[in-house]
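Listed after this line are the structures, all set down as structure tokens.
Two complexes come next, and they have one chain in common, chain A, joined by chain B in the first and chain C in the second.
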Partner chain A sequence: MDELSKSQRIAVAGMKVQAERLRVVAQNLANAESVGQRPGEQPYRRKLITFESALDRELGAESVRVRRVKEDMTPFPKDLDPSHPAADADGYVMKPNVNPLIEIMDMQEAQRSYEANMSTISVAREMSQRTLELLR
Partner chain B sequence: MFGRRRRHVVWDPHTMDLTNLPLFKMVHARMQWAVQRHRVLAQNVSNINTPEYRTRDVREPDFRRILNEGGAGNPAAVPVARTNPAHQPGTLPEPDPYRVRAQTRSFETTLDENTVVLEEQMQKVGETKGRYMMAASLFERNMAMLKTAIKPNR
Partner chain C sequence: MPDISFPSAIAAYKASARQAGDIVPHEVGAAAANPAGDTSSFAGMVRQAMHTSVQTMEHGERMSMQGIAGQADARDVVLAVNSAELTLQTMVAIRDKVVSAYDTIMRMPL
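Up next, the complex of A and B:
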């Protein structure tokens, strides 16, 4: 495989992991209000995604992939709502540890990284286009 | 006598090999360097959120060495011959023609020890593209010149 196709494949791998990140962000945002049904039941725990650089054997070059999706272990915030079914003895309900502001920021960053990968693909395409023009 | 000369013209592989002309040799080295650098930069950009990833770059081709010794960058890898169908192919990727190095200094390092700066990478991508386009144009121009030289007078 030539180097320009390799760069395109690497950039596609980069776009894929950013899309995966966007999926995790969407999951977090969708569950921002998912609380338990009974006292003591835990609400939704925020998910975190991590990436790693890894050798793609088929490609023969280093590329990127998702390392794992793990849980954010920060404590749950509490809201005073005694009428809620999940309220504890003091009337507090545990809320998910999702901060929409952080999620939106994450989303923006994922979008920018996605676009950056896309522009490396278009540059690689322009370069191979120029090579083909040499044949004319 | 005539037969010997004729055979010499037909069999010498270096007579019309364009890659032996210094300019074509340099153009070839530059284009090879540009595509490899583009791959390394694409790798940097795709690893923009990878913890502990170090930005990489490719060393410039040494044109003096290319012209004097004929070799561009690292010598070409010699593949191990497979003499039996049961032999396993190698699993390691082939070494790159130009040396890739992790950058020791960077504009900034994020909290997760990632040194990729998007602006820097984009500037390098643009620069590499420009160099590649220039080499391609030089190749085209020189081919046109050679064609003019070999065209019969009209």
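Up next, the complex of A and C:
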């Protein structure tokens, strides 16, 4: 396999992990208001995704993959809402530790990174096509 | 309307490569005993290149079908179709070169 095809394969791996990152962001944003049903029950806990480089033996190059999706262990913020079924003795409800602003920034980053990988693919593609044109 | 889809074009190329492989070793004589996959003869090399190209094209088609059915990752489909397209372009460019070389020889004044 030539180097340009390898570049495309690696870029595709990059796009895949960014897509997975966006999936986690979507999950966090969608669950930004998911709280417990009873007092003491925990609300949705924000998920964090981490990446790692992985040696692709077939390509002989460092590709990328998702290391793991872990939970964000920052404490849950509390809202005063005594009428809520999940309110504790003092009338406070635990809310998910999701900050929509941070999620939006993460989403932007995933988008930019995805686009960068797409550029790699189109540049590699153009390079190989231009090389072929030399034959004509 | 004649069938001009990718696989049939590839099959035609493959068939002509096979014919060329059948003809060339006979003319060479000593090379007639060469096994099919031998890369030392020109015909063998062409045949092997064709074989890999056909595999790439088939992979591209299979991935597009899976993509339409929603079973494959969109990025994998793009990659497979991309490389199939590039393979076809390479094949056509080389074929044109070979044909024009042959043409030049044929037009040589004797």
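To be clear about the criterion, the second predicted complex is superposed on the first by the 136 of 136 C-alpha atoms of A that agree within 3 Å, B and C clash if a C-alpha of one lies under 4 Å from a C-alpha of the other, contacts with A are read in each partner's own complex, and residues count from 1 in each chain.
The working rule: a contact is a pair of C-beta atoms (placed from the backbone, for glycine too) under 8 Å apart; a residue touches a chain by one contact, two chains touch by 3 or more.
Because the structure is a prediction, the values reported are computed rather than measured.
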Chain B and chain C placed together on chain A: clash or fit? fit
(request) State whether A:Arg125 touches chain B only (first), chain C only (second), both chains, or neither. (result) second
Task: For A:Lys6, select first, second, both or neither according to whether it touches chain B, chain C, the two together, or no partner.
output: first
- request: Report for A:Leu135: first if it touches chain B alone, second if chain C alone, otherwise both or neither.
  value: second
Between chain B and chain C, the one with more contact residues on chain A is chain B
Request  = Please work out whether A:Ser63 is in contact with chain B alone, chain C alone, both, or neither, and reply first, second, both or neither.
outcome  = first
- May I ask you to decide whether A:Val93 touches chain B, chain C, both, or neither, giving the answer as first, second, both or neither? neither
After superposition on A, vertex chain A (C-alpha centre) with arms to chain B and chain C, in degrees to the nearest 10, comes to 40
Quiz item: Between chain B (first) and chain C (second), which does A:Val35 come into contact with in this model arrangement: first, second, both, or neither?
Solution: neither
- Message: Per the contact definition in the header, classify A:Val24: touching chain B only (first), chain C only (second), both, or neither.
- Response: neither
After fitting on chain A, the minimum C-alpha spacing between chain B and chain C in angstrom comes out at 11
The shared contact residues of chain A with chain B and chain C are 8, 15
Chain A contacts chain C in the complex at 5, 8-9, 12, 15-16, 19, 121, 125, 128-129, 132, 135-136
Listed in rising order, the residues of chain B that touch chain A in the complex are 34-36, 38-39, 41-43, 45-51, 53, 91, 93-94, 118, 121-122, 125-126, 129, 132-133, 136, 139-140, 143
The chain A residues in contact with chain B across the complex are 2-4, 6-8, 10-11, 13-15, 17-18, 21, 50-53, 55, 57, 60-64, 109, 112-113, 116-117, 119-120, 123-124, 126-127, 130-131, 133-134
Chain C contacts chain A in the complex at 73, 75-76, 78-79, 82-83, 86, 89-90, 93-94, 96-97
